[in-house]
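These notes open a run of structures that come right after.
What follows is subunit A paired twice: with subunit B in the first complex and subunit C in the second.
Our next item is the complex of A and B:
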C-alpha cells in the first residue's frame, strides 16, 4: 500500500492509523489507546483513501477503524482532509472552550476561536469514552457514559460513588483532555466522590496505590497478600542487602 | 534467550557508571530517563549491589498488569513494558517484590529493564565487570573451570 506517495508494508488485520504512525507521520488522534480496541470517537484521524481500481473515487475514513488492504492509496494531509479535521476541531472547541489540549490542537490547524456557540459551564470532556473503555478493559467497569444526545456525560451509575471503583486513576491518567477530577490529600484519595485509603510503606511511609486496588489485584491475579506492604525504594534496599549477604557468603567460602 | 545479565556484587565498587549509562541510553528528547539499575549498599565492607530487574520466570509485574502491557520478548528473554498499552495504574511498581519497576516522573511513565533489546549498555560501561552479559553456556563453563 502507499501512504503519501511512499510504499509501505503492513500486516494483515492492522489498522491504518498504526501503519501511518509507524511511518513517522503525525496525525492527531485523541481517543486512541493501545490497551483498548479502536473506537472512532474523536474523528480526528480522518484520512483520504482510494485504489487504482476505484476509477478516481475517493473515500474519507477514520484511520483507526479502517483495516489495511493491499493496493490502498492513502493521503493524510490533503486539503479536504484538513478541512474535515478543522470542522471537527471547531466543534470540539465549541464543546470544550477551556481545554488547553483542544485549544493547542485547534491552534495548530489555525483555529483560535470557534465559529459555533460556546458551551457555557462546559466540563471540557470530548466524550470519547476512553476512560470508560479502559476501566472496562481493566475489569472494573465502574464508570460509563450516561444519557444520550446533548445530555450524554461520563460518570458512575446513578451518579453515586461507584461501588466497583478501586481508585487506580487509570481513567484520569489517560483522559486526552485531563478533565477527570481527583484529589490526593494525605493518605486519602478521592475520585468520583468515593474516598479511598492509600497504602503507606511500613518502613518509610511513602504512599502507594489504594488499599482497594491492592485487594482487587490480590483477588483477580492471585498475588500474595504481603506483596503491597512496602514501597519500591525499600524493596530495592532489601534486595541489595540480600544479594550482598549471598555474595559475602560466597566470598567467605572461596577464601 | 540464551544470554543473561550477570550481577556480581563482589566486584562492584559503587561508581554508578551503570546508572548513568542506563539513564542516557533511555533518554528522550534530550532528557535522560530514570535509570533502571540502582547500585545500593550491600551491607558489608566493599560490597555494593547493582539492583536490576531479575526477569523472573513467573513475574509479579506481569501478573499484576490488568491490560497485559508487560510481555516477555522471546528473543532476549526480557520482560518489556509496552508504553502504548500501559494505562499508568502503578500496579506493577507496587507488586514487584524486588522494587525493580519504577515510575519515571520526568517523563511520567512506568519503566523497567528491557536488557536494551539484547545488548545491555550498563554491561558495556561497567569498569570492573561486575555486570556481564554473556551466554549461559560460557558462564557455566567459566564457573566449572
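Our next item is the complex of A and C:
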C-alpha cells in the first residue's frame, strides 16, 4: 500500500493508524490507547483512502479502525481531511475551552478561538471514553458513560460512590485531558467520592496501592496473600539479599 | 395441535376458511391505537353486550373482529361491515344499536355515519370507493385491518404460512435467496440495501451460528408503519423471519421492539405462542428438520438503536452505541457472529414474494425500486393516516389524491420525507416519483416512510430547528462531529430563528454540516444535518429573510413576529381574551379588543382561537 505517495508494508490485521505512525507521520488521535480496542470516537485520525480499482472513488475512514488492505492508497493530509480535523478541534475547543491539551492541539491546526458557542462551566471532558474502557479492561467496569448526546457524561452508577471501584487510578492517569480529580491524603485516597486506604510497606513504610486494588489483584492473578505487604523497591532489595545469600552458600559448598 | 406437514396445513386452512364463511356478514372494528384512543374499546364492548341479547339470523358475536389499524386514524373509531365493505366513521357507542338493527339485520346503510369526501362533499358508502383507499396497493399491510389481530387461524385462512411451507418443503435455501433477489426487494427501514444480496452474503459464511433480527425500533417522529404491522398482523413478521432464517441458516432470531410499543410486544408474544403451539416455530418446523426460535428483545426507545450496530449491542445487553462498520454486520453482527437484520416491513413482504414469486413482485413499482412502500402521511393534509402505494407513485398523487390535498385548501409549501434525517421537498418537486433513488437525488430520502405535509404557515427554519433538536437529543454522543456538531448546528438554527444570526453564521452552518456528514461515525450523524441542508437548498431566501430582514413571513418564529387585532374584523367575542395566558388582551363584549404588545408572549393562542381571522401576524 502507499501512504502519502510512499510505498510501505504492513502486516495483515494491522490497523492503518499503526502503519501511518510507523512512517513517522504525525496525525492526532485522542481516543486511541494501546491498552484498549480502537474506538473511533474522536475522528481526528480520519484519512482519505482509495484504490486504483475504485475508479477515482474515495472515502474517508478513521485510520484507527480501518484494517490494512493490499493496494490501498492513503492520504493523511488532504485539504478535506485537514478541514475536518479543524472542525472537530473547533468543536472540542467549544466544549472544553479550559483544556490546555485541546488548546494546544487546536493551535497546531491554527485555531486559537472557537467559532462556536463555548460551553459555560465546562468540565473539559472530551468524552473520548478512555477512562471507562480502561476501567472495563482492568476488569472492574466501575464507571461508565451516562446519558446521550451533548449532555453525556462519565460517572459511576447513580452518581454514587462506585461499588466496583478499587481506587487504582487507571481512569485518572490515562485521561488525555487530565480532568478526573482524585486526592491522596495521608494513607487515604479519594476518587469518585469513594475513600480508600492505601497499603503501607511493612519494611520502609512507603505508601503503595489501595487495599481494595491489592485484594482484587491477588484474587485475579492468584498471588500470595502477603504479596503486597512490602513495596516493589523493598522486594527487589530482599530478592537481591536472598540471591546473594544463595551465591554465598554455593561458594561455601564448593569450597 | 402440531402441524407436521404442508398437507395438514392446507387442511387446516380449509377448515379455517369454512369456519369464517359460516357468517356471510362480518363486523370489523378497528382496534389500532388511534381508534382505541377515540373510544373503540367501548364500541367493541357495546357490540358484545348488544349481540348477546339480540338474535340475528346468520350472525353472532363470532362474526365480530377486533382488527389492527385501518390507517385512516383521523376518522376513527372505524367500523366496517363486510362483505359490502360499508364504511362507518367516527362511530359512537350510541350508534351501535342502529348499526346492528339497520345494517347488520336489514342491509340498510346509515347515511349519517358514512365518510364525507372533503373535496366533493359527497357521502361515500364503500371502503374501496374512498379515494384514500382506492389508490392504495397493500402488500405489507395486506391483512392489517382485515383480520383479528391475534388469531393465527385467520392469518392461515388468508393464505398465511403458505410461503413458509413452500420455502421449507419445496425450495433449497439458495432458491429462496434467488427469489428474493429476483423480486428486487430493498430494505424498507431506510437504507434500501437489496435484501436478497444481504441474505446471500450471510448464507455463504462458514462461521456459526447465524442470527436473524427484525428491526422494530421505529424511531422517526410521526412514523408508525412498523408498529401497525407488528400490532395488526404479527404473523406476517414471524413468517418472513422464518423464511429468512431458513435461507441464511439461522436457528435463532430476535425481534427488537421499542418499549413505547406495548401492544406490538403483546401481540407478537401471542403470535409466537400460537405459532409454537402449531409447530410452525421451534424444533422441527412443519415436520422438517429445520429449527428456529424467536425471542423478543425490548429496547428503551433510543433513536440510535434503530442503527444496525447499535441495535445489536442493545440486544446483547450493552449500551446502544454504534461501531464503525468497516467490517459489515452481516459478517460480524450480534455477538460478533454473522447476522441478517431487516426491517419489519421488509419481512412483511417476504411471505408474499415466496408464495407468488419474485417476478410477480418485481413487476410492481419501478425498475430499481420494486414493490410497494408504506408511508405515514401526516401534517397539514386532509386525510392523514397510514398508506401503502406502489413505488414510483408521485408525491402529488399521494398528497392530493390519497391525502385529499391540504387542510383548509392552504397553499402547499413542502413535504418532509424520510424522518428527521430526511429532507424537505418544495412544490416544484411534487411530481417526483417516490422511490429510493429519486428521493435521494433530490436531497431527501425514503427513510422508513414518514411523510409530513407542510403548508404556507410552516416556517422552514422552525422545521429545521425542530428536527435538529430531536437529532441532537438522540445523538448517542460517541463521536464528536455528531455530538458537538449537531448541538452547535441546532444552536445556530435557534440563532437564525431569533433573528440574531448573520450571513457568516449561515456560511458556518454549511461548512459545519459538510464536516458532520464527512466525519460522523454512523448514519445518524452522517444524515443529521439533512434537515438544515435540504431546507437551505430549497428555501435559502427564507433563511436570508430571518437574517437580513429579521422577519418570519410564515408567522412562526416567535422572536420575529407580533400579533395585532384587525379593527374591521374583530367582533368583540371575547374568545381571545379568555385564552390569553398573559392577560395581554383587553376589551369588552362587542367592543374592539386590543393586544398589549409589552405583555404579549406571542404564544399564538389567540390566533388559533379567533373564528373571524381577526388576529394578524406582522
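The criterion applied here is as follows: the second predicted complex is superposed on the first by the 253 of 255 C-alpha atoms of A that agree within 3 Å, B and C clash if a C-alpha of one lies under 4 Å from a C-alpha of the other, contacts with A are read in each partner's own complex, and residues count from 1 in each chain.
The rule we apply is simple: a contact is a pair of C-beta atoms (placed from the backbone, for glycine too) under 8 Å apart; a residue touches a chain by one contact, two chains touch by 3 or more.
All figures in this text were calculated on a predicted structure; none of them were measured in a lab.
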Which of subunit B and subunit C A:67 touches, first, second, both or neither: second
Partner chain in contact with A:82 - subunit B first, subunit C second, else both or neither: neither
First (subunit B), second (subunit C), both or neither touched by A:170: first
Partner chain in contact with A:134 - subunit B first, subunit C second, else both or neither: first
First (subunit B), second (subunit C), both or neither touched by A:209: first
Contacts of A:147 with subunit B and subunit C, given as first, second, both or neither: second
First (subunit B), second (subunit C), both or neither touched by A:237: first
Subunit A residues contacted in one complex by subunit B, in the other by subunit C: none
Residue ranges of subunit B in contact with subunit A within the complex: 7-10, 38, 40-44, 47-49, 51, 60, 63-64, 66-67, 69, 82, 84-91, 93-102
Interfacial residue positions of subunit A with respect to subunit B in the complex: 33-35, 134, 137-139, 168-170, 173-174, 199, 208-209, 213-214, 217, 220-223, 227-228, 231-241, 243-248, 250-251
Contact set on subunit C toward subunit A in their complex: 302, 304, 319, 323-324, 326-327, 472-481, 483-488, 491, 508, 511-512, 515, 518-521
Residue ranges of subunit A touching subunit C (in the complex, touch as defined): 39-43, 46, 60-62, 65-67, 80, 83-84, 87-88, 91-92, 94-95, 115-117, 126-127, 129, 144-145, 147-152
